[in-house]
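The same chain A turns up in both complexes below, where it pairs with chain B and then with chain C.
Our next item is the complex of A and B:
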């Protein structure tokens, strides 16, 4: 008895069916993908795309909450570049970012490395460093207002132990912005420390042990193994820090209101002042567009630095 | 086809949501409807009642009184402060639900009237003569824009100068002859200033009450030389009087008073003894709950006079929103607010003077010597006068740029010239 295996006479329809099934599956997957994406897209559309378009359009008008408004083209932008308050605010914001970002990143990394060791009271220290992050900025600012109080504040009290004369921290044009920077650095540590800590715990033990066997010292291990390994996290911290420092507002609003004079006036404060105190919404929108561009430039520079670092 | 149906459904759903939201927030107009029949929500924004239990109780009395005329209208208050007044107004306009009654201060009316946000009160019979007859005439320029009246005064926020008799005697000065001109004030203040061995000021000779900016003090000192800040919306400070005044302030700060000096209670420093002399608001509590009778007895009040005797007077001014759908009810509410008993209550809550005729005989004026003094001095009232339409912007500009001049960061003459150029 012989058995012959014959090709199915109607092989083609089966192929067609398989292909059809595959297309159906693909369509189904696409539909599912869109369905899953829909909430996020809807959210982004309503809360990001529409407001951005609205800001761009408003920035070309002189709208000021009144009944009438007119197109002014790029008039608001031209005015901004002649506006000394805007220039001062931009400069203070950039300066704040340039000082606060690297210092806070460096301190956070150092603290994270410390917290990554097997030391006593680790949980306590981790909690202590994270507390400023979860505390409302208004409360933080109020505490720091007391610390900086020229008469009864902790800062002057502490420095007087070493014979330093009392300082009028927030009322002195020379020390007002640096005083705010100190608070900004302190407040931002918690989040960065947690992120760095997670990254440090992800560094390959094998690589660290290998380098140790090869005779690398602590610094060499850090520079050649740890630092490259946490590169992507560095970039994430950098980006979030840039966005965060450029959006600093509540701290300044509570502690100095932008003063003395305009010594601590920052971009968001200026935008708020123009929009909600001076009621120049069109002008404030143009300022917001400029801020977005500046943040994009800073992120671009950060990206280039990251690439250069990675290539090294 | 199916996509078309889907889109149509989505559009329909959206329009339902939008329209239902709209119906929930925006009332139908009640203008022309008899008060007893009018229904809706009257949104009231006012910094005149503090959001404390006492403030809310006082406001409820106003609402109860208003309900006698408009029994079906709901009143929704927003107890603002002068600090967040603008943002409350702007966000309400942007959100499409503007307030029906808005109480603002001196310097607000012209900018909002120019943007057509406030209603002309002429149609409710408010004229300068009515204000002169029933209210505080000194506040007429503050409620006038383009020869029309856009607000009705509720209370006058008058400021005087106080000195500590004991400090004067200690410094060899006669408290019965207070220094009044800018030159006299400086000489006396320098004598009254106390310092520690390192030269730090421990008691200020004069409190300029300018912790957050010099706009009001500059306006006050300038006016005491007979020079109003603005005349007919035009700047009147880019001149010798303006420069002399600014230079005088500059010579006082960090000399007789450290820049930015204030206390935690936000009290005038002369009342707490932290300054020997200084600007004070329109009332003082001489009871044991306040500064005490002994402290009160140590105070002497006077007015600036560098050629013209003046008293700086701000105030709470009630307006109707031009986009209100309840303008008649809003006017009814303002009429309730301006009843003498209500004004007395507001004045007491805020330690200010009721803006009705003969405020000198008001319960508030009789309650303490400072209120009596400022009430008697309303005839000397000055303020920023007839401000330009961009005054809201100029307020901040003044505070920032005058501070920069006082702290030596910018040339005072250039600052005044710049501010004059920015006023429009």
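Our next item is the complex of A and C:
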């Protein structure tokens, strides 16, 4: 398929043959294009599109891995509204997203701006901030599990330096979720810093210099030139952060298993337990549909914020 | 560790010693220390005895290297390690092939509806894997003609408990197709044109002319995919039932499943060994990796 292109005959650059060549070329390109695209289309169709449709359909059934199942309409959804565990999970996940996303984006941007000055040891800093990201969540969770250890952990060791009483961190209902948020923020900084850094390095020097000539101070330069220029990247970071925070699972699974009580129960965990421990697949699918809707709402709000920002 | 961050005395830049600069270095260094401290802590703990970890402290009384070898013996870690490596390499190879091909087609081939196809991949990028967990499991279970399934996908376990199931479904993420496309789009068409005049076919142009030019993208995709595969937890937890295919992360989690008797030094030793390859990978790939990220946010 790759060798169908005819060489133009020497010394006969006539119009007719040229257009015939370009038609052959176009055909060959289209054929090659679809052939190149086919595996990705097939893969995404089977492993993403069909599952998304299946979630929607399954959510209307009482399917549970067995041979018999029945349509239950919106029964699963009605049950969810009365399910205390689900409500707690949904609330914790939304709270987690609302706290973690803005804080981690703000810190990452600040760090990236710091790293974007002409500084020494850039690759050291880059690696330092990225280390938590390359580490498996299970490993990260394990380390923090010990940092938060009420008996001999680093967190209480740190508090005792200043004479504070030790805290029970993950074991205390009041501090369990905030403790997890700290780990989430800490772990997510690396990727965001690198994306922001790449974006900042792409901001036009000319624009920055001309605004300097116009007498703009640092803050004005940032607000008028840098901030608008990194808009698309901000949006990319926002979207990936939304998707990422709603996915939080490993962290919770290893650190608290949703406890104490159900103080740190999150959505994916609830879905996982309903689907694979209680085998209520239809029910878990309905939960998933609600999660999709909530993510869509978050992304919608993100778009609105970005539009409002662009209109300023 | 911090010596690399301090400006050299008598540095060429006169601005290097302004108070603002000093403050910048101080803040960045404190930040970096906050990032690294847990890892230093992890490494130090890996050398301690069970007695020592009962109280808060930094330095181990002696370097117990045997913690590492003993940790490796408590579970078949060598096999877990090999499994993780196999999954990471397989998934990365699969992703590189599928996503560069698709990215190139979207960027350079005159396909009708190329714009909508691009949008299709961007929308898919927003679907978190956890959302499709349940049906994905069912689909993998009913892959026809595998694991005792008939042609309709009934009767057996399909790709469950198989390398196929561990590698293929989570490979070739739409994010990487999008990333590859962003790079191909910025390459000049004249290159392809010149190769065409030389008689190279369309596939040859893709493989031998254009793809070698997007090395930063290839490295970025590879680093991300290796990391994701190496650190994968939920999917292998769901679809494997036997030890023979389980990756490293599941092995480590088994350590802490019984909160009453966690072997902290062993756990830390195992975790350190699991993390090291990824840190080394990033240190070596970071420059190209950052170049690679620069194109992700670009629209179009």
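Basically, the second predicted complex is superposed on the first by the 277 of 312 C-alpha atoms of A that agree within 3 Å, B and C clash if a C-alpha of one lies under 4 Å from a C-alpha of the other, contacts with A are read in each partner's own complex, and residues count from 1 in each chain.
As a convention for this text, a residue touches a chain if its C-beta (ideal position, glycine included) is under 8 Å from a C-beta of that chain, and two chains touch if they have at least 3 such contacts.
Predicted model only: the values in this text are computed from it and were never measured.
Of the two partner chains, both chain B and chain C are touched by A:276. Look at A:117: by the touch rule set out above, it reaches chain C but stays clear of chain B.
The partner that reaches more residues of chain A, of the two candidates chain B and chain C, is C.
Once the two complexes are laid over each other on the shared chain, residue contacts for A:71 go to neither chain B nor chain C. By the document's definition of touching, of the two partners only chain C reaches A:249; chain B does not.
Residue contacts after overlaying the shared chain place A:164 against neither chain B nor chain C.
When the two structures are aligned on the shared chain, A:136 is found in touch with chain C, with no touch to chain B.
Of the two partner chains placed by the overlay, only chain C lies in contact with A:46; chain B stays clear of it. In the superposition on chain A, A:91 makes contact with neither chain B nor chain C.
Common to the chain B and chain C contact sets on chain A are residues 275-276, 281.
Within the complex formed with chain B, the chain A residues making contact are 64-68, 85, 150, 165-166, 168, 170-171, 173, 257-262, 265, 273, 275-281. Note for the complex: chain A touches chain C at residues 1-5, 7, 25-26, 28-30, 32-37, 39-41, 43-44, 46-52, 54-55, 58, 111, 114-115, 117-121, 123-140, 142-147, 151-154, 156-157, 160, 186, 189, 194-195, 197-199, 201-202, 230, 232-233, 235-237, 239, 243-244, 246-247, 249-250, 253-254, 268, 271-272, 275-276, 281, 284-285, 288, 291-292, 295, 299. By the touch criterion given at the top, residues 4-8, 13, 21, 24-25, 27-28, 31-32, 34-39, 41-42, 45, 53-57, 97-99, 101-102, 104-106, 109-111, 117, 120-121, 124, 126-139, 168-169, 171-172, 174, 177, 196, 199, 201-204, 206, 227, 230-231, 233-234, 238, 248-249, 252-253, 255-256, 264, 267-268, 271, 274-275, 278-279, 281-283, 286-287, 289-291, 293-294, 296-299 of chain C touch chain A in their complex. Touching chain A in their complex are the following residues of chain B: 86-87, 89-91, 93-94, 111, 114-117, 198, 200, 212-213, 258-260, 322, 390, 392-393, 395-397, 399-401, 403-404, 407, 409.
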